[in-house]
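What follows is chain A paired twice: with chain B in the first complex and chain C in the second.
Let's look at the complex of A and B:
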């Protein structure tokens, strides 16, 4: 875990998204903001990562192959404490209220509609992970 | 704890005390502007001092209280019972917390949540009540467009009476070329309550998307009146739809919700409320709740609302209800969770080690020390003359005078040093105003507390241990002594009861009295209770005087409380008071008249005084005996002391008194004894003053009587029986001061002593 040694990190964020460009976009913004960013391509990978490293926040896409974001979140929330209590930000292209409700039911803590502006992303990540705004 | 913190503790306790007094004064005379100022300054100073340490909940609470008092000074918040109660509760909390910090080095675990509640209550005083929009707005309008309904559903709680306008803004696709700045326009609306930005058309594939085309639909809620919104968006008037939700109403001095919490934070908190309200999979319920708690706590931490964050984290562990309650109260800026009824100030278990000394007393000590140095220099001069062999009448007179001077200075010095431990009774008396008020209020009784003799001083140890027993007596007086207002009226008494707490000096002791003008103690009831509990044999009870019967209230386990009261409780009776008083060398008594009231009287030692001892010699050794243990000094011819086998005895004042040799008690070797055994020789006997049995103690010779300061034994010999302590004699020798009663008890015990008496004619 080389990242764990970085002393100045604001926190460690796991990005769960199948789109490499999106992951790159998040990583770029959040690293510049001082976060350590790990990536997972789907829910199954994300669960594995979660067992290996401690995370302050998850940024989760909804539509992903193998295990979608909401199934992943529901599975995570059913795990043991404190793993299940990691806050999650869902970022989806869907803006409907049905999608929002489904995300809440799965255990998302906030819902943002893509695309995310840099300042919006940073503000939400900071607030959800408890870093000074 | 470091020095700085110790200083803080002293200062904090004084400030808490003075602020408490001012608050209580304000309660009876709310118009006292200067008192409000003093309370404010006390809180302000406390806050400043707390800031030197790292106790965030303490700081936040004091900060909130200070804000409240600033408003009170400015007149925007009324100085009423609510503000006074809240301020007093805060002082209680601060006092308890600083005690815990002193004892354990850190705040109590509950400080975060308790502090959060106090902070929220102060905020609630300052801010108008906030109402979530959805309930109000939803019921008001059913015919609104969907986008308005969606916005309202997402909105943050807003103060009542604030204007509210919904706006939908779909910038033209070529707006960027037209010089419009959609985000810039939105930013010019100062009080944004909700905002969504969605694409008008589904986003095309990345490659086909034209970044210079605007595909956004912005909807927002703002706490600005319609006219204001129109003014901001006038250049794009054709692209907006306005929907005024709340008519501009007089909204003067209303603090905006966005001013207290950043929008992102408020939005995330609101979302957590929705998350936990949304039904989900049963397996993941706990996880979702905990995650919501974590997210909310994080959000609050991000804006340094540590107390609220802690409250969220705790509530998440407790359950959904608890969490939503905390979230709602944080969002509404009003933590409605009531505190448990405030507990009267209790002293910390260990009395403080620090002594606060009046500067004048230190000055006196310094002056005395200076005089002593001068006197010693003079003595040195005289000694040198004596060494030189100069012998004249002047020298011996000068030395005599010098000796007298040094003696006087030493006595003064001693008196002043022991005086350092003296504290005025005010220190303990003043602490009762709060509890009396709280207890009386909880009992629905009216009472005035009259305090007298606050200036009388007593040893710190005594003053500080007085609180608990006196509080107990006070509770009893309020609970059992004073009647309900109606009963008092019937009895022809003023409805407001009166309790007098006083101190006065009587001879060698300080007498603390606590009188009430209540119903008094009925000896009939005490007799019945004593009979019922079998405290005294029935025939014994019949012959007892009423006063003796009333004195039974001090018997362990005695209680006449017909009903259990949460004030004085049951089972812990006045025996505790007597035990506490005895521990500090005092005595308790009671006087009562049915229908007139009860007075409890505590007679306490004035101070830790010098012990007056008598020097006695046994063989080659010198000992001290406390004079108060010696009843009489008698000389007896040896032939008047009879050897009775198990022991010796003599007749003294018509009674047979056992004679015990101090040498025997101390185990002095026989060879070392000097006593002249001849029948004509006189033995020196000290008749001991004792409650149980008279014993004559034989010593070899008697010496001077001295006033000495005895020190208890320490270290390995700390528990040596029969020794009261040590003192240093003029020539530097250490003198053991004996405790003859303990010596006798150790050497003979009751059995032998009994056998001694039995053997006598």
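Let's look at the complex of A and C:
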């Protein structure tokens, strides 16, 4: 008799943020919403994880040590498909139009200003990963 | 006997003169050489700070940052601090890391950075405080938390307090918990830090 299959996750999300409490916050919300969540502390770690695992969505901070979020996105968009096509939500404390434009130029699909309310985060993650609201 | 002209025994080999102005030369190699040569120059940090904002070649930028970190004095900290306002996220983050690497040099200007009019600078200053001694960082950041109106600056402060906060920060954390009770993220994050500080874990 086959084992009962685990409920399918809505998708796999990689959170790229150097702030441990922010990663914990996203993980808690997204796991309760049905997503599998992995974490990277900076762009370099994220690039390594992307080579090992398939992801449906990236949530990326901007200000991070070693490799900031925009450099990470620019590097990712320069890779081969399917890596370059993974949707990316940039969530930053920077609220200026210059920052939004820089994120778009680097390859962000959407830009949100922190702090993110739970319903806002879930809605954007579902939209960007192609899941029904 | 032929006349043979010899260099005096201890004469230095001819080297091109390198000036501080070469920090803005068109050739990256010349700029790199100028960074190397600038160590003994008076006001070296100020020259390097001015060059840093204009430098677009990563290896030259890294050399400038490394030279400033090696100087690690008040001049170096003062030369790095203005770039916390840069529109270039990479440069901002590099300056945060450089200032973290010189805790004694940055300490005198850290209170002013934590009170800067620009919340983005205050946020980065909180991150710079991470490499201060725990008691120092905790006291500086608790003082920020008592009056800071911007939730993202508070979030950065709380993140650092989670790592190096001491019991002295508990009253400020509790007050911020009450002030931001309806904000997203902050109440839960503060609860985690308070639990850590109160249980000593």
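FYI, the second predicted complex is superposed on the first by the 126 of 133 C-alpha atoms of A that agree within 3 Å, B and C clash if a C-alpha of one lies under 4 Å from a C-alpha of the other, contacts with A are read in each partner's own complex, and residues count from 1 in each chain.
Basically, a residue touches a chain if its C-beta (ideal position, glycine included) is under 8 Å from a C-beta of that chain, and two chains touch if they have at least 3 such contacts.
Here the structure is a predicted model, which is why all the values come from computation and not from measurement.
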item	value
When chain B and chain C are modelled together on chain A, clash or fit	clash
Partner chain(s) touched by A:98 [first = chain B, second = chain C, both, neither]	second
Greater residue coverage of chain A in the superposed arrangement, chain B or chain C	B
Touching partner for A:77 - first (chain B), second (chain C), both, neither	first
Partner chain(s) touched by A:24 [first = chain B, second = chain C, both, neither]	second
Touching partner for A:116 - first (chain B), second (chain C), both, neither	second
Touched partner set for A:124, first chain B, second chain C, both or neither	first
First, second, both or neither for A:63, with chain B first and chain C second	second
Chain B and chain C footprints on chain A, overlapping residues	21, 93, 115
Contact footprint of chain B on chain A as seen in their complex	21, 56, 74-79, 81-82, 84-88, 93, 95, 97, 101, 104-111, 113, 115, 123-124, 126-133
Chain B residues touching chain A - in the complex, by the definition given at the top	150, 153, 196-199, 203, 206, 262, 264-265, 267-268, 271-272, 274-275, 278-281, 283-288, 290-295, 297-299, 301-304, 309, 316
Chain A partner contacts - residues on chain C that touch it in the complex	87, 89-90, 92-93, 96-97, 120, 123-124, 127, 151-152, 155-156, 158-159, 162, 183-186, 188-189, 192-193
Sites on chain A touched by chain C in the complex	19-22, 24-25, 62-65, 68-71, 93-94, 98-99, 102, 114-118
